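Heads up, the next two complexes both have subunit A, just with different partners, subunit B and then subunit C.
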Partner chain A sequence: MAFEMRARPLAKCIKCTSHRSLTLPIRSFTSAARLALDVDTGATETQAPPPSTPKKRDPNTVTTAHGERQLLRNQRLMPIGSRRRRAAMQQSGLPFSELPYQCFQEAREYLREDRAEKLEAIRIERERIEKLKQAKVSETEQSRKEIRLQSMQRQLEELKILADINDPLVKKTFEDGKGDMNKPIYRYLADRKWRSYKRRVLIQRITQMNVVPDVLPSIEPVVSTSLSFAGRKVAHGEFVDSLISAQAPKLNIQCYDKGKRLVTIAVINPDVPDVSKDGFGYRCHFLACNIEISPTDTQVNLSKLVEDKQVVLPWLPAYAQKGLPYQRMSVVILNQSGPGETETRPIDVTTIQASDKKRDGFILRSFVNRMKLTPVGVDLFRTKWDDGTAEVMQNAGIPGWDVEFRAKRIEPLPYQRKDGERYR
Partner chain B sequence: MVLIAHHTGLAKAPSMATLAILSSALKDLRISQQSLPAISHMSKRNASHQAQGRANKAKDGPGKRLGAKKTGGEYVVPGNIIFKQRGTLWFPGDNCFMGRDHTIHAGAPGYVTYYKDPARHPDRKYIGIVFEKGHSLPQPAHAVRRRKLGMLAYQTPPPTQPIDQVFDALGPTPSISQLSPVAVKKNSRGSTLALRPGYQYRQANWEIGREAEKREAAMQEQGKTTRMFPVFKPKNRFAAWRKSAARISKNAETRARNRMGKAKK
Partner chain C sequence: MAGMKAPSTALLRAFSPLWRPQALPWTARGCVLQQQQAAPFSSTQRMEKKGRGAKTDMRITLIRYHLQHPLTPRPLRFSRTRALRHWTIHRAWRLYQRKLAEKRTLELERQYNSMAEACEALRLIDSNGLNAQDRERLGVPEPEMTGAKSDKDTGRLYRIAMRKDGIFNGAPIEYAKIQTETPSKDGWNHGWTK
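The block that comes next holds the complex of A and B.
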């Protein structure tokens, strides 16, 4: 050891000086191999190291971002459920509700009692509604009875949500994305989630891009929409390539109140140039009625609707001629019920006026008033001239693909010569 | 005493005014009443008003010519200056925009309107432009906005012939050998050398770039290769290590051989 210390000053620098008796693998001036390991190295040099096989990962229990990436890359699998759920799966095989924490179980007991209370309240409310329905009232009292019934119905719906809102299993199911939209509690949670962020973004887009005064006087969206072209989702107000928007999109309309309803979908472009008027006009790119949606039945493929019962105007590719500013394509969902009506009614497509079957100059405001519709949802995408627009217009047989718009020259004001006093 | 203190302490001549005061104070004590020359006629007033620095309050600078350049109802064209200001006394409303120094410019031809829009902001003042004399601002909240296109449509000329079609029309491109027999040579490998700028007979750069590939292809046909090592794979660290080890050992060998050669000499 002492020899080594003298021979190798580096050895002095080793941090742990207390373990002097420890023989460190430092090679002194010896010709023979010190360790068996050293002998082998010559032989192993020429051989390749064994190929590293990627670790098999379980899509049910992978929790780290790295693990998820590896799973996707090596096994081509998507992780299942939320990361929280996967962490829970990893830790124990016990079901979530049977976790052995005293506080947790006591809290569950407390919630169970609360739920029983709420269920009792629901039963009483139902009885009261029934009793009121049976009750005979005079003609003058009839409207008051209707209002009373409506408010009691609202109260009942509220109680249904209150019964389940604190249930940890409900929360877990919703977060895992497995909520049943037929049940009021999951509809309520989904609505709350949508309103917390996505709806605000939508409102901001339609007000900043002036869809609201230009297409409709006002709109209060109650259904969420998401637009997808060729399988790719489009954010509200995003620019879509004209080659992509040549095909009709798919629309996902999620409503948050129970029951089926019939809706009309209109795609309106409020930025159609009108040179003679020196202003802008409207064009309807798509119009279809009698589309049935429900909380669980949300997908609408605009290209696969029934020709003579639903479609009034089939899809026209979105385009903006060269030189024009971008054009807004607003997708409006209209409930087929008037302001006071609760039930939607079908529209006979054949009876729709000839003026409504014309694409150019289609004014949605008057259509909504005439057909007695209520706007419930809105979506938006934008289009501008790009490399594919001319081709798209030629394929669709739209004239004007070779027209270019240029700014009109505005005559400058005549130069006002100031009075001679100033120039002396 | 005061005088002495002045003389010794500060070593500075007392001012004429001080001397005059002192001489009048000592006059009564003086025994001989003979008159001394009056100091008062010797006194001199020096400037005591500071001329530099912040002695006086800063006066108003030159006027900056701020304010309204166009009044309400006046006709403007895009780019006209409507209001010059420091800060935002006025905000740009419809068809107006704000310049770098908060100047309000016209963005469309029309008539200037000064207005308030409580729906947009409770206490901001706006300058906007309306297209017609009778119109007013702000526009009603739920009505369609008044907008102007301000553009004209022009027919674009028919597209020119694509470049590849133009070349097709010209016929096949003449090769180097066809260009001039004098300006072409051949090297030992048989590749064509053209007279290139700088009076050099050489291959074009792109041909030089392809040369190694060509030779490799020719060798491959014979079942051989020009490569010293198999095709480089950037992720194969083991192969890279082997290669570098081989290179290092080869270099060491060469060096040793050279050293031996020198020693012999």
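The block that comes next holds the complex of A and C.
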């Protein structure tokens, strides 16, 4: 009976579900399929319905020529896929995990046993951790106990992932993008996917465009970020039209470890021209603190933050004056916790010093050191002079929209032209 | 002019090497898609030459040649569920193999440790087959008290068996012989009397 339940859909079509009710003689493959289908499914095609109320047909499951014709005529739809596939769609009430393949079922059995072992190991590890937490140790042993607890916790997390990593349904759910980021396995898979390509691209962009030594000495991104201006996603380091970047972007910050945390977001332009010293300086285009993110709560709209609790410097449109090379706008995500700390702490925005509130000459390195922050993520886009820049600068009240920078002409060194004899 | 028909391309199609049907084999479709640059960044340099247009990378040419070759078997194409089933079986098999390997490694380790323990025991026994604990337990006097050559006797056979000198000039014959206490090293004691 079990096999009959798990029989292939088409086989079911051909053979009839129960032999007691078998009334038709078994015929050859093609002709029987249609007849048996009519008997089995019944509902798809019987008599032609009255023309006044044409019967609704599903293009995924219609299996007869008549039904197909009706679908085409009444609903103006083409049937989807082959007739064989549609028959299978009609019948397959079988969940993926019960598909009747021996090797597959045995593999699932084996994996289930392994999972039970892992769950047992998780239980034991939890008990051990509890026991160690309860244990009283002397002052000198305290640090060793902490380290031991940390490593046991790490082991526990690893076991949690190992318990689920071989589950085909987990893989399927993740590939469909429906993974629950509260569960460690989906966070692990998402992290792995990000690290396999996108993070490498990000690292390449920020090193090639020298964000890393210019804005911060080093960044090891652990959260993935994606910027979107007016609903359009921007690749890391892409040029953004100044009219578009006049409005504050939305930032998607995906972190891969559990729990809520508070972050600071800073947008720094390290390419501001400084004519007096014939070089470049920094400008802060945006600064906001106390933004709460978690693995499931990832969207941050930079224009919709609370004024006096989060925003320190509101969004200033990105611009590059005429004649200047492109300017990098680096978005840095900073965890509000020191190097060794695990918990993040809120920052009181009102107590931030006036020296940290000025846009020009904002040095992120010293800000990070003073506020004891840890860089966890980075993003980048670029801006250059385009048709809209002057308008954007005028609207924002930024002086200098009519200034054009010119490269300094370097006089060629005088050299004596040798006689033409040498060049022949 | 209005009623004039466009000339047929049938002959051209049949014979000219320049006239190629637009439908590419499925293997080449990905290549065509890749050639149209859509992203603002490119990871590969385009090999462009002055006046002669873009030149295709030799590696791409070779990949295409081999992928489109009639002797190349078609790639493995699975439906979603079939691929998942395949993956499940693969993972279970890998897990099984891994556990097997771990079990074997552990068994080898156990055997190695057992051998090491046996060697240690052999190293510590004296000519009577007793080690320090045994002597203490049985009340046998320590060899230092009885004779002068005590240290030499402890684990003598083990030391001989472990000697590695001369192995590069052909292994010495002693290596093929199990070291034993008998016959005696001194030969027959002719002077022995009761």
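Quick note on the criterion: the second predicted complex is superposed on the first by the 317 of 424 C-alpha atoms of A that agree within 3 Å, B and C clash if a C-alpha of one lies under 4 Å from a C-alpha of the other, contacts with A are read in each partner's own complex, and residues count from 1 in each chain.
In the analysis below, a contact is a pair of C-beta atoms (placed from the backbone, for glycine too) under 8 Å apart; a residue touches a chain by one contact, two chains touch by 3 or more.
From a predicted model like this one, the values you see are computed outputs, not experimental measurements.
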item: Subunit C versus subunit B, contacts on subunit A by residue; value: B
item: First, second, both or neither for A:E141, with subunit B first and subunit C second; value: neither
item: Touched partner set for A:E292, first subunit B, second subunit C, both or neither; value: neither
item: Which superposed partner A:K172 touches (first subunit B, second subunit C, both, neither); value: second
item: Which superposed partner A:I410 touches (first subunit B, second subunit C, both, neither); value: first
item: Partner chain(s) touched by A:E130 [first = subunit B, second = subunit C, both, neither]; value: neither
item: Which superposed partner A:E98 touches (first subunit B, second subunit C, both, neither); value: neither
item: Residues of subunit A defined as touching subunit C within the complex; value: 96, 99, 101, 103-104, 106-108, 110-111, 114, 166, 168, 171-172, 235, 237-239
item: Subunit B to subunit A touching residues, read off their complex; value: 75-78, 80, 109, 141-145, 147-156, 158, 238, 242, 245
item: Residues of subunit C touching subunit A in the complex; value: 39-41, 80-81, 84-85, 87-89, 91-93, 95-96
item: Footprint of subunit B on subunit A - complex, ascending; value: 45-46, 48-49, 210, 213-214, 217-218, 273-275, 277-280, 321-324, 400, 402-408, 410-413
